[in-house]
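Consider the two complexes below, in which chain A is the common component and chain B and chain C are the respective partners.
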Partner chain A sequence: MLEYRVEIALWAISGIIPFFMLNIWTNNNLNESINMSDLMLSRYFLCAFFVRQFSVVWVVFSFEEDSLMGKISPYLIQPLNPFFRYLAQHLAEQITRFPFALIIAFFFFIFNPESIWIPNLGILVLSIISTFLSFLIQFLIQSIVACLCFWTEKASSIERLLFIPTLFLSGLLAPVVSFPKYVKSWIYLTPFPYLIDFPANLLSGNETNISGGLSMQILWIFLLFPLFRKIWSKGTKKYTAMGS
Partner chain B sequence: MVQNIIDVKNLSKSFDISSKEPGLKGTIRHFFRRQTKKLKVIKDISFEIKEGEIVGFLGANGAGKTTILKMLCGLIYPSEGSILVSGYLPFRRKENFLKNITLIMGQKQQLIWDLPPIESFYLNASIYDIDQFEAKKRIKKLSEMLEIDEELFIPVRKLSLGQRMKSELLAALIHEPNILFLDEPTLGLDINAQRNLRKFLQKYNKETNATICLTSHYMKDITSLCERVICVHEGSISYDGKLDQLLKKLSPVKEILIVCRSEDDATKLENFGFTVKNKIKNEITIKIENNNITSSLKTILNNFDIEDLFINEPPIDEIIGRVLIKKNYDF
Partner chain C sequence: MNLRKYLKVYKNFLHTSFASELEYKTNILVDLITAILSLIGSIFLLSIFFQNNGYIGGWKFEQALIIQGIYTILNGITNTWFNPNLTEIVKHIREGTLDFVLLKPIDSQFFISLKKINPSGFLEIMLGFFLLFFCIRINQINLNLSFLTLSLITIICSICILYCLWFFISTTTIWFVKTWNAIEVLRSFLYIGRFPLNSFSFSLRVFFSVFVPIAFITTIPSEVFLGLSQLWKILLEVIVATVFLITSRKFWLFALKFYSSASS
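Then we have the complex of A and B:
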């Protein structure tokens, strides 16, 4: 069991990019240019860490392996779309990550006691909903890319193309507010800022358009879900059940 | 009258296959100008299977038998022709169809590797809308039939191949399907495990009247389970009919080893008019046609002083092996 515990701890630690970014931002006083205080920024990156912990998705890699090795064959002839299995795996992992994320947050507050704050219940509930919606958007995007396995056999390479905009435009490396106004207006039309930036701003209490953000998240889910269904339906016709 | 549960008409399946020459040059050429060709692996086959039948699909490696099973259960899409299984088009994967079938592949597993099989059983029960109480009852019944007990609570990765296969079978049968597609279910199992699995399948078929479509390279699986076989050769059906009829036709003679009391008797028997295969001292091996066995044995016993007698059935693997390399058997 020890190896499992270590693995879970490593999952949680592997998501600490926001803390590195916080360090870079504060050490270089970059926050002054975007009108964000040190306190706001540190809360933002802590929340970005939390949102990231509960919205990380790897379905494309699991599906690619299972599809190429023929492992999804038994699941395809069950009366449940195999993606529900992956969804359940992700949710189970999120629950497992939770205590480790709390421990990391605890240490963060020890080193940054001025950052301690308690969000009000309403904001907390909305943030949880928003984080879950962010997870669903990412899950759907990756599932769509994963379905390309039926044609390309190496869908994870396509996912890597998406990784770059996700990294830069989601708010993981920098709050979206730090981008030039013209670029920002374009970024908000993509799903990326609703993955980390919006839920992190919401949870940290920074100024954000709550109804607009939640609406955009729901809109993206409504756009992505039928697209996923269509690609899934076309893709399974191409499935050759290789390796089995 | 027993109804057809599987109806296949003019079924074909083609795959796009790409090929690459070895080495760096081949890799570069493959990257810029990939060459693919259409390979027709199933060629215009038709057959029907009745409810409750156990049918064995025989064929050499790559003959297309697994592809046929995959199309029958709806895993892959046919290129041409029609398939009707239990009144459904398999590829549409309608819920009621999927609740009626199961596919077991000897080399693939659906059990969750790091958890005990019991967890996978309850998960499958939920997927098939079976309530906890009913699931518990079914798990108990099937585990008794399969003779597994403690193994249910041990992580799958720690089970032996035989124990894992039995657990796979239990997971695949928890929804009590009417049609079983089994692709080499005894692959890699030891002789006892193979025999137990065969016994279980016979019992399951008898108790539930389930239809079983089976592929196996172990002839014992086929001979002990299947009355009917479909031989597949390069994507076409070379024989579809009773197994014993096929064996009779392909092996019309039996070899009889006779141990005479003396070498003189053996010499007399050698000159009696039978087809002699060989003679060593007082032992003589003769060939007799299947339909003359009784009368020929009567003649031998009446005319010669015999110490012992052995009737040798020709090895079934050898006979089936001959079928697998021939294109057509029309009896």
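Then we have the complex of A and C:
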């Protein structure tokens, strides 16, 4: 992974959309309507950036390429589910990404020195856990989509479709508190706000229901995991190597 | 004639890439739904911004919708032509197949930029035009010839600038080999084009008009639609587009001198 330092640095930069959004929010005094001070909002978006950096998942693209190229066949013979391989790749890249994310945070604090804060240890641990859970949820959802490769060959377009609600509803571009009532009434039942909004609120010290959020995350993992197992076992039965 | 030859070649490009893309028919349907959802999502985001404010950076909601419309059209064009072709350059250079392109008796930039087409982007372009017509109605813009020519000129210039940005980054592949993530950076910057430039702080505004001219891509055409744009801005956009086109061409020819095929 360290071979591709520039690659990963650029990847970290490409995640700075939350900062642009922050700029719109503060520059137009939009936060007055949602009872969130400029300060809390800037922390929120910084945390959203961090959570996003450590919960990005691209397993469907790797899997699609491998399955089109026929690389899946040797993986299937191995006694380990190939998705562990992808999971390890993701984790390794997250660790390499950490210093770059820190550098970006450092620059953020130079421009906004008033927003420096130190979360207490308990909150920090909890938010790391919830970021990891968010990563797991996204990993499971994408793995389920990736298994559709066994049927359709081009599963990545389904992933792009699913990415749209993730982008707009997860809180990456606007905190879920600011959403209109008719959306807020149902959004907490979907997995989206637990992907970025909940961990970011937790880490930045904004008001949030800690136990409720964590249990919803775990609940979604328990719902998605059996689904993944099922689709995986069905898919591998269906699987025929390319050209057969 | 030379031009006729290129038109004929392009007709063949269209034919082959349509044939291969239509192999994945459900894919096109999924892409259509994606485009529609993404438009709904960005209008939703915009409506959050305007929840309690009448104006953002001096733009009303109805006016900001024009920017969305133009962004959608440009995004559709990116998905139809720029994305499928220019990401291919990376592959050509990594696998050394650029050799075959350079050997062909046609212009390499022409071949590389227009070889493929992704028909699902057309739907997005249409979607953008629908939104624009809707905006013309709700903003009560009266259509006349000078307005139409001006808006056409600015949109064509935007397309040129956008193309050059993509082409610049793809060309750097000759030195850096892997530029997937540079393209991602460009994408995230282009995302800014969905919002009026005035809604950002001064420093970002300078950055996005001088270093990465995203301001020129969507804001100026939208100002033309509203009749707000001064003539010097339009002239400036034409100049910027010309400069970009010329330098991107020069840059490509310059970069080719450094191309040494794969594993050599």
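Assume the second predicted complex is superposed on the first by the 239 of 244 C-alpha atoms of A that agree within 3 Å, B and C clash if a C-alpha of one lies under 4 Å from a C-alpha of the other, contacts with A are read in each partner's own complex, and residues count from 1 in each chain.
Operating definition for what follows: a contact is a pair of C-beta atoms (placed from the backbone, for glycine too) under 8 Å apart; a residue touches a chain by one contact, two chains touch by 3 or more.
This is a predicted model, so every value here is computed, not measured.
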{"item": "First (chain B), second (chain C), both or neither touched by A:209", "value": "neither"}
{"item": "Partner chain(s) touched by A:240 [first = chain B, second = chain C, both, neither]", "value": "first"}
{"item": "Superposition-derived comparison: chain B or chain C, residues of chain A touched", "value": "C"}
{"item": "Which of chain B and chain C A:74 touches, first, second, both or neither", "value": "first"}
{"item": "First (chain B), second (chain C), both or neither touched by A:179", "value": "second"}
{"item": "Contact footprint of chain B on chain A as seen in their complex", "value": "70-71, 73-80, 236-241, 244"}
{"item": "Residue ranges of chain A in contact with chain C within the complex", "value": "4, 6-8, 10-11, 13-17, 20, 23-24, 26-30, 32-33, 152-154, 157-158, 160-161, 164-165, 167-168, 173-174, 178-180, 183"}
{"item": "Complex contact set, residues of chain B against chain A", "value": "15, 66, 70, 73-77, 91, 93, 95, 98-99, 101-103, 105, 107-110, 124, 127-128, 172, 183"}
{"item": "Complex contact set, residues of chain C against chain A", "value": "24, 26-27, 30-31, 33-34, 37-38, 41-42, 44-45, 47-49, 51-53, 56-57, 176, 178, 180-182, 184-185, 187-188, 191-192, 195, 199-201, 204"}
